[in-house]
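Just so it is clear, A, B, C and D label the chains in written order, and each chain counts residues from 1 on its own.
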Amino acid sequence: MIRTLSDAIKDLVHDGESVAMEGFTHLIPFSAADEIIRQGIKDLTLIRMTPDLIYDRMIGAGCASKLVFSWGGNPGVGSLHRFRDAIENSWPRPLEIEEHTHAGLANRYLAGASGLPFAILRGYQGSDLLDHTENVKIIDCPFTGERLAAVKAINPDVTIIHAQQADRNGNVLLWGITGIQKEAALAAKKVIVTVEEIVESFEPKMNSAIIPAFVISAICICPKGSAPSYALDYYERDNDAYIAWNIISKERETFVAWLDKEVLNSPVDVVQS
Amino acid sequence: MIRTLSDAIKDLVHDGESVAMEGFTHLIPFSAADEIIRQGIKDLTLIRMTPDLIYDRMIGAGCASKLVFSWGGNPGVGSLHRFRDAIENSWPRPLEIEEHTHAGLANRYLAGASGLPFAILRGYQGSDLLDHTENVKIIDCPFTGERLAAVKAINPDVTIIHAQQADRNGNVLLWGITGIQKEAALAAKKVIVTVEEIVESFEPKMNSAIIPAFVISAICICPKGSAPSYALDYYERDNDAYIAWNIISKERETFVAWLDKEVLNSPVDVVQS
Amino acid sequence: MSTDQIAEMAWSADEMMTVSAARSLTNTDTCFVGIGIPSTAAILAKATHAPGLTLIYESGTIDTNPSQLPLSIGDGELAQTALTVVSIPEIFNYWLQAGRIKIGFLGAAQIDKFGNINTTIIGSSYDNPKVRLPGAGGATEIAGACIYTTIICRQSTRTFLEKIDFITSCGFGKGPGSRKEYGLTGKGPRNVITDIGILEPDPDSCELVLTQIHVNVTVEHALRSTGWALKISDNLKVTQPPTERELEILRTLNTTSNAHT
Amino acid sequence: MSTDQIAEMAWSADEMMTVSAARSLTNTDTCFVGIGIPSTAAILAKATHAPGLTLIYESGTIDTNPSQLPLSIGDGELAQTALTVVSIPEIFNYWLQAGRIKIGFLGAAQIDKFGNINTTIIGSSYDNPKVRLPGAGGATEIAGACIYTTIICRQSTRTFLEKIDFITSCGFGKGPGSRKEYGLTGKGPRNVITDIGILEPDPDSCELVLTQIHVNVTVEHALRSTGWALKISDNLKVTQPPTERELEILRTLNTTSNAHT
């Protein structure tokens, strides 16, 4: 179950599939994204609450035909230029979007992880988003008559997450901001986890989550696999890289040059356990 | 916010209220139950997934007029005799019951904690329980048409739980089997937490939950407050006491004698921070 | 059974039942375990032929490795030896309901020929029961959502009934099509393992059929211990006796427990 | 403002806005914080008059105590200094949706006189926007479920509009009754804090009224910076200038951050 990243992506991610790559600011699986770009995988439906730089790269590289998201900015910096260029100008190809609120998309994952066809929340109402999105309906509470939002379960073909540690049996430990990763993984048909390292046993951590091996398809060892986001207790967020992205990504030419140098011609280190 | 148990129960638990005292085998708040019995509080609607010895005592002592539950046995031993005597023979008073499955009652708490009027689950269908319980309806999924169970939110007037530790600010840490305690606490209007001890700061624990002070009404220091159940890393489950209860509780006379000696005339130690 | 047969046996009928249930689990299974004999059987499987078996209890303990038999479903031993412990809503919603668990191991106070089980009341009235049993606990949704269930209980005309007093957890309901009608996502009972033998559902009628009989037990005894006209498989197998190792480990487990099961 | 007025000021308009927002929080509040100036203001409040303030971010960090300004909503600093960190579904369902948070601190790209805000698109077409903004994030449900919200944004005729291009998050909707109709459980905007002053909703009409003006700013400037016929309170107050301590702590905070807000 411990495999190289290139093998895992080749076997488990295919053209036209829906792919969720989660990690809320923390533990964003950048190495896996770069490998998907290198393998030239196309027509993906990319799902992620915050597209962030990871999907800005993939959208700019032409991997995606659809994006399901709930907040598309460069946190603390400003716009995601490749995301905007795709939506505003269809470059490098048209990008269909399905837009949600954070609470709505989180509950779509939650329903998916729970084996339910939908989830309910107090949300969307009073927002124009309700007129412009799919997979949200307003229903009546069968007990009180209150009107609530129902969101359809989301079950990605593949979920990819990054974690600090796995053990030799393929169980995964992550800690700090654990975000939506457990739900995204449990909602998916296939699960790839990139990790900083393999350890002999897990030590107690505040605010940790464990994902058992029996729901995971592949583990790949990718040190610094979430940079320029961060892995708590391993490395810090590279805020300068987030700020620099604003310049790199602004124009197509600088983006293409960057992609060519930093991703396409920068193969992943092959790490095997 | 750190108070004596007798003061907290006097101020926060009143005749006729609905009270949830949770802890799934682990961390069952026995000391608080005994104090409710001593104060002679009556007509309570008692809510708990597993009534266990804690509610067998309270039912036998006449505190309850209604019980909401999902599994009423003495774990690994057999029957709860006071629970059965109340249902089968209305002793010491009639006991109305509202019976659920574990998954159903857990989701009633979950809806309560989430500020939703109901929750959905795949459950109850195919069981005769559906014809004999309240607050469950079968609804259609608005996306797929599948039929699912909807359970009404439960919001107890008071939830009482036991935890290993609180800090001086009134934040609570529990670990090990954390059960339904967080949901039961967050669903309630008032929350009492009895704890083994007050600590200066919390250390990381595997599988822990923290409940912030701002949702808690009172903290009471009750060492061994969950015996004869257990508090992980403090004391073990007193399995002999669970087995002995089968004898003590079988006949009304032995139960009454036990209650008189061990609860009514055995006042709680006053522990103040 | 004749007294001769009993005298010959180096094991009890409960031991044969527990060993048979243990054997039904494989090394790669995930098993949602109820307390009592189901738990003993699952721990026995893990201690013998299936060390990789993943045990999950409704207390939220996932991949737990108890070295002794727990008395309750939430003993400290289960938490301390688990890979992880999750909350009660999580264990039911994310793990059980989502269909991630292959086998649910259940007990029963009464069972009918469609594998429906009663753990709620004995008597004709829910409101005035003759005997009040513990109720559903996790069983209703375990029976609904595990890919398969295995029901483990002693076989007699008091427990194996044409009509049970209350359906707590659905097996095949009224027969073919019922599970689909109720929206139950799992496939239902795979087998019922008793102190007499093993019953399996007929693929067409869903009715439980005796497909295996324990060594030294007669078909006549099986028929006399069943409250409906029990069908016997044309291809009835005989259970291999417990091995010395199975018995030794089972008995060691039983001595390490306080459990009165 | 005249050039004279600007020369006199020992602080910027953004600093006055941030200090005013900080002052609106009390020591016992719980505050759900968005990133940028709302976060700066909340951290400033905690560092000055409200050390007991409970800060909650949508990344799941509860009761966090950052000593510097986070660039993102999920910086390591926020997790490491938090009482606890919960999952994303938990922060939205158990904490925000359940109405446990008193104040939601929100920014806006456009706002109308009923406190509805737009953070989604600029232009007349959702499908072909002139400018694509980040979208809702947590804002829609923060605006719905916090007991009150405070909106913090610079005031100009580009942002304060009679009709905004898209309602991302509901303030008072179409006016009295709208929040109830939409099932929104919170009370809606308590105030809008800008670089010019503070607007509060009229209790009857729900329309935002200028109730406070920052020192050295004129009413005429406020009127010219608003895209609707702004009503001025009969009882217009003037903001106390930032204290030396407020400015000193705010500027220290800003130098410890990479944030370009």
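Just so we're on the same page, contacts are C-beta pairs under 8 Å (C-beta built on N, C-alpha and C of every residue); 3 or more make two chains touch, one makes a residue touch a chain.
Keep in mind the model is a prediction, meaning the values are calculated, not measured.
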Co-neighbours of subunit C and subunit B - touch as defined: A
Chain of greatest Cα-centre distance to subunit D: C
Whole-Å gap between the CA centroids of subunit C and subunit D: 58
Interchain centroid distance [CA atoms averaged], subunit A/subunit B, Å: 39
Junction residues of subunit C - those touching two or more other chains: 84, 93, 97, 145, 185
Multi-partner residues of subunit B (at least 2 other chains): 115-116, 121-122, 146, 148, 182-183, 206
Pairs of chains found to touch, sorted by chain label: A-B, A-C, A-D, B-C, B-D
Residue ranges of subunit B touching subunit A (in the complex, touch as defined): 115-122, 135, 137, 139, 141-144, 146, 148, 150, 152, 202, 204-206, 208
Complex interface listing, subunit C residues touching subunit A: 30, 54, 62-63, 83-84, 93-94, 97-100, 145, 185
Interface residues, subunit B side, partner subunit C - complex: 24-26, 49-50, 69-73, 75-80, 83-84, 87-88, 99-103, 106-107, 109-110, 121-129, 132, 146-148, 176-180, 182-183, 206-207, 209, 230, 232, 236-237, 239-240, 242-243
Of all residues in subunit A, those that touch subunit C in their complex: 113-116, 171, 182-183, 186, 210, 212, 214-215
Residues of subunit D defined as touching subunit A within the complex: 35-36, 58-61, 70-76, 78-80, 82, 84-89, 92-93, 96-97, 120, 126, 128-141, 143-145, 166-170, 173, 178-179, 182-185, 258-261
